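Okay, structure first, notes after.
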Amino acid sequence: MKKKRLAIYTGTGCKACEHAILDLHYQVNPLTRGADLCFWPYLLGSTWNELEKAERCDVAIYAGAIRTAADAEAAARLRDKADLLVALGACAAFGGLPGLINLVPPADRSESDQTPDAEGPALPEAREKVAAVPSLVPVDYIVPGCPPPQNFLWALLQCLLGRPGLLSRISFAAHRLPEALAQAATAGIPPRRGAVFAGERAVCASCSRIKQEKRFTTAKRPQFLELDEGLCLLEQGLVCAGVATREGCGGLCTGVGAPCRGCYGKAENIIDPGAKLVSAISSTFDAEKPDEVAKIVGDMVDLSGTFYRYTLASQCLLAAAPPVAAESDSPAAPEALAAGEEA
Amino acid sequence: MSQFEPRIIAFLCNWCSYVAADAAGVSRLTQKTNTRTIRVACSGMVDPSYVLKAFAKGADGVIVAGCHPGDCHYISGNIKAMRRYPLLKKLVTELGVEDGRFRLEWIAASEPSKYARVINEMTEDVRRLGPYRRPEGT
Amino acid sequence: MTTTLEPLRWLEEPAKVLVEKNNGAVRAYFQVTVPRDLTAMCRGRAVEELPRILSILSPSHHLLAALVLDHLGGVTPPDLARNLREALLHCQVFRHHLRKLYFLLSAYGNPLAEPPGPRGRQDLSPVPRPVLDEAMEHLGLIQEAATILGGRSDHPLTSVAGGVSRFLKEGHYARLAEIASASLAYARRLGEFFHNRVLAGGRIFSELSAVPSVQLASLTYDPAADLIGVVDASGQAQETFSPEEAVEKLAWHQETWTYQPFLYLKARGWQDLSASDHAGCFFVGPLARLNRNREIATEQAEAERQRLIEALGQPPHYGLAAAVWMMLVELLEAGESLVALCTEENLSGPEIRHVPQAMGEVAQAALEAPEGLIFHRVQVDGQARVLNLTVFEAASANNALRCLLTQAVMAEALTQSRPFNSAQRSLELGLLPT
C-alpha cells in the first residue's frame, strides 16, 4: 500500500510541536512506516523548490502562528499543494502565545532603543497582527494544545495516514474525542473536515478536582495561596480557564496544581471564552453590593491576557480575525496574504 | 453634512426598564432615536457574550437596564447582572472599549423620564467618542 | 550576485542565509526571520504567569522564571522543591544534548529510511539505523522523565513561586530511578560509539574538524557563587559579576537585516561584524563551559573531560569536534546527576513550597541552561503585573557567533570552490552546539 505523503512545517513559534512529532518516532519507527516525509525543513532541510516540483502531498501539518509575510506565504503554498491541511498546536489553530502581541500597539513592540541604519538585505515583513492559520486559508483539521499531547498526534496520524495501529496508543485520546472522531481514528480513516481533535465539553468534565460550589470575597493570586490538592481551582479563588476550554488533555495542568490557561481553545458551545469566564468567575463572587464586587474585580489583573491567553488572535470577539470559510473560492493569492489582507 | 449617529443596543428587562421605555414613548418624552432595544426577561439573562457580540457586530454603545436591586421579578436576577458588570467592563476596557460605551443602569417601570434621560445622555457620550472601531487588521 | 540558503536544518529559530558575492569577496548574512516580541508580549501580564509564558523559549526558562519569582517573593524553596527543579534541569540538559547529537548523527545516516528487514540491504552508512533508533528511544525516555517532573512535555508547569506545585506520586520514584539509570548507561554507550566511529578519525571526524571555528570570549554562570564569569578568547578568566549587575554589563545591538538582536559586553563596545576584532562579542553553551576549564562534580563526566583534554589539549577550544565531545561529557554529567538525585529519599519530603507573603518590585536571576547562560530581570507594579522584562537567552547571546560562523563558512567555501549545498551542510553542523 502506497505510503501517504506528509509535509511538516512551522511558521512563527517554538519547535515544541515538531519535537512532539519527533518524539512519536521513538516507538519503533511507526512514523516512517506510515508516511513518506516529503517535506520537513527542520529535520531534512527540504526546500520550497523541492515541494513545488514534487507531486501533491496528501497531508500537510502547519505548526506555529502567522507573524510574518513568509509565514502567510508558507500557509498558502502548503494549502495549495496538500489535499489535507492540519493546523497543529495552539499557535497554528488559534494564534497561540504569539497572539498576545496583538494587544501591543506596533510602535511599542520594539526591544532596542537604537534605530538601526537601513542597510543590508531585507527581511520578511512582520504583519501588524498575528493570525491563526484558519484566518488565512481553509484548514481541514485542528489539533489544539501547547504542545498537543502525544495521543492526539497518534490519533491524527492514524486517521490521515490511513494505517490503523494499536488501540492502546490512542485509547487516551479516543476516550476524550467525540464518538465519530474516535471511531475514525480507530479505523484509520479521515474524519469529517473541520474536525477539532479534542472533546466538545469543557475541561471541567475531565478535571479530577472536586467541585463544591464555594464562593469567596476576595480575588486570589496563586503565589500567595496554599493550594488544596483536591478542590476545584476556580472555587479556591483562582482564575482557571477550564470552564471555557475544550477538554481532551485530561486536565493536564489542573492535575499538577496549575490553573488551565485555555490552550485547547474555546469549548464547542461557547461564543467567546472571555465572556464565558466573566460569567463563571463573577458567579463565584460572594458579594451583594456593587462596591464589594468592585473590590474583588479591582484585585484581578490582566483579564485580556489571561482569558484569551492562547486565543486572542482568533476567538476574542473584539480582537479576532474570523476563519476563512471552507467553501469559499480559492484562497487569496500568496502576495495578498503576505500583505496582511484576508481572503 | 452628516453627523455621526451612534448605534446603541439596549438590553431592557421585561418587567421594569422595557416598561419604562414603553411609557417614555407613550408619554412622548423627547428621546434620541439611536437605540435598538432588545427585550429580555431579566437583566440577569444578559450573557456577557451578547455584549461582546453587539460590539463585534457594529454597535457603538451597549446598555443593560434592569430593575432596582430588591425589585427584580425573579428576586435576584439583577444581582447577577450587577455581579457581572465590573468584570465585564474591565475586560472590554482592556480590549479598547472606551469609558461610556458600556453601561449598566437600574430603571424602574415608573421611571420613564429616567429612561429618556439615560438614553439621551448616552447617545451624546457615544457621539463624542465616535464610532466604535475594532482594532485594525481584525 | 546573491544566493539564499534556506532552510537551515536543526535550528530552532526560523532563519536563512543570504550570500552576496562581489569580485571574489563574499558577504554572508545570517538572518533570523521572525521578530523577537518577548518583552512587549509580557508587559502587563501577571508576574506569576512568566514561568509558563517564557517556557516557549526553552524549558530551562521555566525554571529560571520560577527562580526569579522566589527572589521577588523573598522566599527560598524547600529542599524537596530544589531537588525536583534540579532533576528537571538535568533532564533538559540530557534531552537538549541528545537531540543535538541525534541531529548530528542524522547527517550521516537517514533517520527516515525504511528500517532494514531480514531481506533488507545491509546498512553500510557510517551511522547504522539502530544507532539512530536507540537515540530516539532514549529521547523519548528522558522526555517521559521530564514530563513526570515538569507536568507537561516541553512546556513545563510545576515550578512556581517558592517551590513546585505538587508532590510526586508513588509510582514516580521507581520510574524516575529506572529512567535515570537507563539514561546514564546509554550516555556511556553513545560515548563509546562516538569514540569508535566519530572522534577516532575517519570521514566523520574529518568533516567535523574541517568546519571553520570562531574565537570569541564566553560567558557562563556559576550557581554556587551566584556569579556570571567572562573568559576571553585566549582562555583567560577576565571578570565576574553578579546577576544584579548583568543589565549594566550587557547591552543590545540591532541590525536591520536580522530580527534577532545581538548581546554584547557593554564595556568593550560593539564592533561591526565585518571588522577583524570582536572583543565585545561572546558566546554561551557547551563550549563556553568547556573553556571555563572547571572540574566537573561527577566522576564519569570528569574522566571523559580529562580524556578530551588529553586528546585535544587544554582549553580554550572552538572547533566543532570539541563542542560535540563536551556535549558527550555533559550528557554523562546529567545522567550521573539524575541517578544520584532520583531516589525516593531525595524526591520526597514534607513541603513542596514556601509561600511568599508579598511580591517585591524587582528581581533577577541567572541559570546555566543546556543551551547556555540565560538571565531574567523583571520589574513589577503594585499589583504584581510586569512593568518591564529583560531576557538574555542563548539565541541573542550566540547571534554574533552564528553570524561570524556563517561568514567564515561561506568565505572558506568560496576559496575552496565548494558548492553552496556543501557549505550549507558545514554551517548546519557548525551551528549545532550554538
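In this document, chain identifiers A, B and C correspond to the written order of the chains, with residue numbering beginning at 1 in each.
Here, a residue touches a chain if its C-beta (ideal position, glycine included) is under 8 Å from a C-beta of that chain, and two chains touch if they have at least 3 such contacts.
Model, not experiment: these values are computed from the prediction.
A.B. asks: Hey, if chain A just vanished and nothing shifted, what pieces would we be looking at?
C.D. replies: Connectivity without chain A: B | C.
A.B. asks: From chain A, which chain is the farthest off, judged by mean CA positions?
C.D. replies: Of all the other chains, the one whose centre lies farthest from chain A is B.
A.B. asks: Out of A-C and A-B, which chain pair has the most contact pairs?
C.D. replies: A-C
A.B. asks: Go ahead and note the Å separation of the Cα centroids belonging to chain B and chain C.
C.D. replies: Those two chain centres are 55 Å apart.
A.B. asks: Express in whole angstrom the distance between the two chain centres, defined as the mean CA positions of chain A and chain C.
C.D. replies: About 26 Å, centre to centre.
A.B. asks: Could you tell me the distance, in whole angstrom, between the mean C-alpha positions of chain A and chain B?
C.D. replies: Between these chains, centre-to-centre, one finds 35 Å.
A.B. asks: Multi-chain contacts in chain C: which residues touch at least two other chains?
C.D. replies: Residue numbers touching two or more other chains: none in chain C.
A.B. asks: Chain A: which residues touch two or more other chains?
C.D. replies: If we look for residues of chain A contacting two or more partner chains, we find 103, 302.
A.B. asks: Would you mind writing out the residues of chain B in touch with chain A in their complex?
C.D. replies: Contacts found on chain B: 47-49, 51-53, 55-56, 79-80, 82-88, 90-92, 94-97, 134-138.
A.B. asks: What residues on chain A touch chain B, complex-wise?
C.D. replies: Residues 102-103, 127-129, 270-272, 274-276, 278-279, 281-283, 285, 287-288, 290, 293-294, 297, 300, 302-304, 307, 316-321, 340.
A.B. asks: Can you list the residues on chain C that touch chain A in the complex?
C.D. replies: Listed in rising order, the residues of chain C that touch chain A are 2, 6-12, 14, 18, 20, 29, 31, 33-41, 43-46, 48-49, 52-53, 56-57, 69, 73, 99, 103, 106, 111-115, 133, 136-141, 143, 151-155, 157-158, 160-162, 165-166, 252-259, 261, 353, 355-357, 359, 383-385, 424, 428.
A.B. asks: Which stretch or stretches of chain A touch chain C in the complex?
C.D. replies: Within the complex, chain A contacts chain C at residues 10-16, 19-20, 22-23, 25-29, 31-33, 37, 41-47, 67-68, 70-71, 97-98, 100-101, 103-104, 108-112, 114, 116-124, 126, 146-147, 149-150, 221-227, 229, 252-253, 255-258, 261, 299, 301-302, 305-306.
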